[in-house]
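Just so it is clear, A, B, C, D and E label the chains in written order, and each chain counts residues from 1 on its own.
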Amino acid sequence: MLQTQELQVNIGPQHPSTHGVFRMLVTVDGETVVDLKPVFGYLHRNHEQIAEANSYLQNMPYTDRLDYFNSMANNHAYAMAVERLAGIEVPERAEYIRVLMVELTRILNHASAVGFMINDMGAWQTPLAFGMREREKILDLFEMASGARLMCNYFRFGGVVRDLPPEFIPNLRELLRALPAYIDELERLLRDNEILLQRAIGIGILPPEVALSYGVSGPVLRGSGIPYDVRKAEPYSVYDRFDFDVPVGKVGDVYDRFLVRIEEMRQSKRIIEQVLEQLPDAKGGHINPKARQNVRPPVGDAYARIESPKGELGFYLVSDGSTRPYRYKVRAPSFINLTPLADMCRGYKVADIVVILGSIDIVMGEVDR
Amino acid sequence: MYDMLAALINGALGWGWPEWALNLLSYILIVTIVLVVAPLQMLFFTYYERRVIARMQDRVGPNRVGPEGIWQPIADGVKMFTKEDIVPQAADRIVHFLAPCVVVAPTVLMFAVVPWGPGMVPVDLPTGLLFFFAISSISAVGLMMAGWASNNKFSLLGAMRAVAQMVSYEIPAVLSLIAIVMIVGSLSINEIIAYQTGLIISNRDLPGIPDLGLGWFVFTPVGFVAFIAFFIAALAEGERTPFDIPEADSEIVAGYMTEYSGMKFGLFYLAQYVLNFLLCAITAIIFFGGWQGPGVGWLYAQGITPDNPNGNGLFNVLAGVLGVFYFLLKTYIFFFVMVWLRGAFPRLRIDQLMDFGWKFLIPLTLANLFSAALWVAFTRWGPAEGMLITVGWSPVLRWLAAFVVTLAINLGVYLWLTRVYAASQAERRRAELEELSAAA
Amino acid sequence: MTASPFEIEIPRGRVIEVQRDDTRVRRGGGLLRGMAVVWKHWKESFKLNRSYSQIHGTFTIEYPEERPRIPEAYRNMPILLYDDETGHELCTSCFQCERICPPQVIHMTQAKDPATGKPVPAVAEFIIEYDACMSCGFCAEVCPFDAIKMDHEFELSTDDHTQLTVHKEQLLRPISYYAKIAPTMWAEVRESALKKLQGNIRRRPDVIGLAPQLTEKIAARRAELAAQAAQAAAAAPVAPAAAPAPAEGRKLTPEEKAAKLAAIRAAKAAQAGESATPAEAAPATPSPTPAGEAAPPADKAAKLAAIRAANAAKKAAAGEAPATPPAAPDASAAETTPSAAPPSDKAARLAAIRAANAAKKAAAGEAPATPPATPAGGTAADAPADAPPAAPPSDKAARLAAIRAANAAKKQQSGDGS
Amino acid sequence: MEVVVQVVFGLIALFILVAAAMVVSVRNVIHSALWLIACFFGVGALYLLLQAEFLAVVQVLVYVGAVSVLILFAIMLTRQISGEGVRQLTSRWPVVLVVTVLLFATVMAPTLINQQWNVPPAPPLGTPEPIAGPAELGRGFVNEFLIQFQVVGVLLTVALIGAIVIAFEERARRRRVLTLAEELELKRLRERATQTETPEPVEAEPVARETRPASEG
Amino acid sequence: MLNAVPLPAVLTLAAALFCIGLFGALSRRNLIGVLMGVELMLNAVNINLVAFWRYFEPRYITGQTFAIFIIAVAAAEAAVGLAMVIAVYRHYVTVNADEVDQLRG
């Protein structure tokens, strides 16, 4: 007897808060979301097919463009995959530099992810501006080392393209001095903010069993209370040498994801400090001199995964013995974390959709590939 | 204005103009001033807001057009004017055209009762405060027209949100003002300002306090709670963060303004910023004494007033300048607070906003109303009104008693309400779930 | 929270649960704390912040006035290098960069010896499509001769898309330019690069492999070759040895003489200035060279520009800083004049180039910190692009040089003035 | 001065009547509501002309600010947005027209014929006239009309509650879209309930289907 | 005002407004339209009250008081009426009075 009126609303593809060209076909009943259908592919660039037509090295700059916030992490995963495929050794100093870069990436990603999420909640740019400011500083460091801010293209098979410039470490130490104050300030600005609490607590709950069944990873999974971190589960690179904690959430809502990100920034800072302590001083050890960049790996396949700031990022490569990958597949964390969006949004209000989407922290470059 | 013109034209110049001509002239002058001042305030506010919020975000803000970017709003205005005016195909053209006018007109009308300085009020209505809010509620109709005429889901949704918000927050706003009106005993804005003489304590409440123009209502518990409640409601009425839901760009694009472009869009902005100015001004007037401040009262007493027709006109001018200075200073400080809030907070969800308004703000203002009644009873009533406790108390004691009692009531209600409100938020979902599980 | 479905062994560190208390009654303290943070930022924002260890203060870099710090490793767009001393390009057209380029935007053709038709280790034409370049820097990495490097110039915006297909003339930069923007990176490869270059020069006949900008060097090289040829010839008629350019042994017109004179004066004036650093100012970025057909008026205008440039340079050297001379507008006016000069007017060009070099030196000596190239590029871009593109490259280069001279002088002036 | 007042009154009267006529004749319901607002404004202006300032302000506050917004809301909630082309009048409207015109005639006939209203003579122009203002009204409400005032207050409260009760959907009948967490919670609650009843745990039904209670007809 | 406009003019206006409202209330199919007609009628009554107050006893408040009571009643009526409209709409999916003809639903 009740004729509730369901209304279909398209949020996106051109919408201020869909983080790129992303469309959500939302069925609403009043303001309540009944169903949500994510529609993506607007940014599809045929990444995997292009990669199969390129040589192994040529793909390196293309991986920058996957998740353009964390090009260093993408480089790392891809380089690891090719190294496994071709059996290339990585010198120790290079490993430390890689970890350093990826952890810096994590800080910058989480800072801006928190900023973007709060922006979706309606804050007028301030948390985003604060996040972006720290990001800029880290990008300055990236520029010093790799020559570019976003599309770093810094990693090579067997190491990194060039050693850290002499001004890098002092500047990094300066930055590390500022980081705790910065994170504390961000937390003070937002953590107890009653409005944020109202918008975040109990919103977009992703129960752990559902999270596992969808295969989400990264802060979204840890926010749901599952202490899964590739750095701990399968320590790659030199991560087994560092002492750091894995923060997990209690409920699995937006607020937990926010807190987990804040805490992960602290842990990343800890890792960076340990890297600086342990960084081998071997001059010129930034790349394995025997490693050929124009690799021609033997026939076989390899999968390498890292804990990218967004989650578990994996590259699967099949070689047919030529200079080009026969098959190239990306396990993109943004894409897989996006799949439970419909379940996470159902039953909440329309205004919560953007917040939940912001808390997943997607980059359309990686979702659509 | 009329007095001044009469003194100038018929007195100083001796032209002997008829009364109606002077009347007409003074009205035209006032209207012109209001019509010029309103857009100027809007222009200044956009610039002010952008610079302040940029500073809060460690940026610089617009600083290229003119010295320190002061001409930026002019440039924006020129841009607005030169943009194409697009009317959607499916829109209701007439209503679409009328909506911005209906939104802007009341904001200009509201200037009619705003006093800028001593004796500088365009129209001193005996029901000035009520007029202010009656007129402000008209713009809700304009928003509705805009949302409906655009024939766009986002517009309609935005308009309905905006109107629901405005209508619901009008209640706490008016209720919190009624507390003040009860204390003053008048709806006239001039009367309310006149009440706030004194130093921290109004010398109407406690005679004998020296008049420094600082006996503002905000220093009393009743006034303070009313001020907080009113300012929150004003944020909602002016669609400011954290209540800027009608134009929440992350949810519904630009709300009711989605289908507007060019100068019509500019008119909505004009209306919004002028409304913000007026709300800040009313806050300053009701709770912070308006043009009251050290020196104004004394200066004005020396000038030509109805009580003192033989005063010196120079003092009128001095008092006016000082009064306008105080008034604008307070207004701009309140706008700074608005910008500050915008810089610091995310926005509430629409149902949370309604919850907050109806379940927190309105009970709080109702309790404050009760406090206001007690305040009046303690400070002014005697045995004739049935107030037998205070018989024989000195004024200081009465004032102290009023202060303590109202403070206790307001604080207690605040603490209790926050607890109840939080509990109700947490329990609702839980209760519904249990009901569902029982039903199964 | 249910127990986690699987256990993960964590050898070091531990799992920490985030701290949250949903049941706490909140009364607005968090809002006030947030406001306090924002207030602090507002209060502190009146001072500048350029430090990594500070979290308060205004961070904005007001761009055109204040330039961002560009680290040495910064890579924007690829450029080609040539040697200042010999004028030879470092590129040998080995096709490594063309092969590695991920978006395939590098195109080149190998130079051939006109006499034998055999390939020469030099490049005839080199094109990079800047609009599709992804700035990955692979070309610079793989180049075995260190001929291709990444530029620091980032103001490439233009309203003409076709200008972003960049040819060799616009890609070439002297080594000294690169050594200035990336001193340590150049120092690492300098030895081997120059050694390889010497080897390559030996295998390059005639003027192949010379940077086309350096027309004087080409001319000198041609003269040298001609002289060799003349000596080698058994028949030795009384050669008109006075003519320096044997290809077109014409007598100098009075105007050409005047131009030469101007050039000499310019050179002297520049030497008189305290041009301590030998580094040359950068040439313009691949700027649109509006090619008019050469004509006597243009020729004259070029000379005029050269003379003015010389004067300006002299003045600058003397330390005066008067108002900017009108050289730049004139130069661009010369550009706009549709004209046709015979390509043989070498003397005029020579004069222009000398003036240019002199002025540039003066500029570099006096204000080495000023980022070069921008004004030159800007002025050249002012010229309308509708001029017919038919002029030979050397002619273009001459005019470009004249403009650059004028601009360098102008910049010098403004640099002193500010 | 009198002429001015007459002209102003004429204009206001014309405005009110035209707006009212539009309210009942326009096809689009929204337009009709907007004309209603215009009509309310006209009446407010008439109050001002009759020197009932407080009443004029209240008219604007209540009618324009509240009632008309309520009407607009109701129209939009019932989604009769575009009334174009839909017949808006009942089939018996000519009869109604005749009836109302007759009513008007019967009311007006004595008024126009017999002008003996015993109106007290107006005081000469310019003399201040004691007119009851808001202060007197307020005093009246707490003295003379206290009972009525209380009754109106009760009426308003009752209306408020009544409106909510009428428009409120019962929670059980309202379709409730459950969130994922609530589904799981519900499942757990039901499991617990079944466990207490029967010793052996019963396999819970698939949650996603279960939690959207089918709306019954 | 008192000299310029005779009382019958105001009363005529009120009567006309009342009749227009009556026509709307009786002839509109749309329930909201009917409500709007009723509002017009209430306004007409108010005009009468205020006019009599002004012309007969401006120093007493009775007329204004009753006008205010009527405004309050009108507001209550509008609130309840519109709530009913919404309830009816939910029930019958129409707001046309002549289609709402079932006693049980």
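The rule is simple: contacts are C-beta pairs under 8 Å (C-beta built on N, C-alpha and C of every residue); 3 or more make two chains touch, one makes a residue touch a chain.
None of the values given here were measured: they were computed from a predicted structure.
Student: So if I look at the partners of chain B and the partners of chain D, which chains show up in both lists?
Tutor: Touches both chain B and chain D: A.
Student: Moving only from a chain to one it touches, give the least number of moves from chain B to chain E.
Tutor: Steps on the shortest route: 2.
Student: Please flag the chain sitting at the greatest distance from chain E, going by CA centroids.
Tutor: The most distant chain relative to chain E turns out to be C.
Student: When the contacting C-beta pairs are counted for A-D and for B-C, which pair yields the higher total?
Tutor: If we tally the C-beta pairs in contact for A-D and B-C, the bigger total goes to B-C.
Student: Would you kindly tell me how far, in whole Å, the mean C-alpha position of chain E lies from that of chain D?
Tutor: Computed value for the inter-centroid distance: 10 Å.
Student: Cα centroid separation between chain C and chain D, in whole Å?
Tutor: Inter-chain centre distance comes to 75 Å.
Student: Counting in whole Å, what is the centre-to-centre distance of chain A and chain C, each centre being its mean C-alpha position?
Tutor: Result: the chain centres lie 38 Å from each other.
Student: With chain centres taken as the means of their Cα atoms, state the distance from chain A to chain B in Å.
Tutor: Here the centre of chain B sits 46 Å away from the centre of chain A.
Student: Would you mind listing the residues of chain C that make contact with two or more other chains?
Tutor: Answer for chain C, listing residues that touch two or more other chains: 22, 26, 28, 31, 34, 37-38, 59.
Student: Give the residues of chain E touching no fewer than two other chains, as numbers and ranges.
Tutor: Residues 90 of chain E touch two or more partner chains.
Student: Would you mind listing the residues of chain B that make contact with two or more other chains?
Tutor: 56-59, 343-345, 429
Student: Using the touch rule from the top, collect the residues of chain A that touch chain C in their complex.
Tutor: 54-55, 57-62, 126, 133, 136-137, 140, 143-148, 151, 153, 161-162, 165, 167, 171, 174-175, 177-178, 181-182, 185, 188-197, 201-202, 208-209, 212, 225-229, 232-233, 235, 240, 242-251, 255-256, 259-260, 263, 293
Student: What residues of chain D sit close enough to touch chain A in their complex?
Tutor: 79, 169, 173-175, 177-182, 184, 215-217
Student: Show me the residue ranges of chain A that touch chain B in the complex, using the header's touch definition.
Tutor: 7, 9, 15-17, 31, 118-126, 129-130, 133, 189, 193, 195-196, 198-199, 202, 349-354
Student: Once bound in the complex, which stretches of chain B touch chain A?
Tutor: Listed in rising order, the residues of chain B that touch chain A are 53, 56-59, 153, 241-242, 244-245, 248-251, 253, 342-352, 425, 429.
Student: Name, in rising order, each residue of chain C that touches chain A in their complex.
Tutor: Contacts found on chain C: 1-2, 4-5, 8, 10-20, 22, 26, 28-31, 33-34, 36-38, 51-55, 59, 69, 71-75, 100, 102, 134-138, 141-142, 150.
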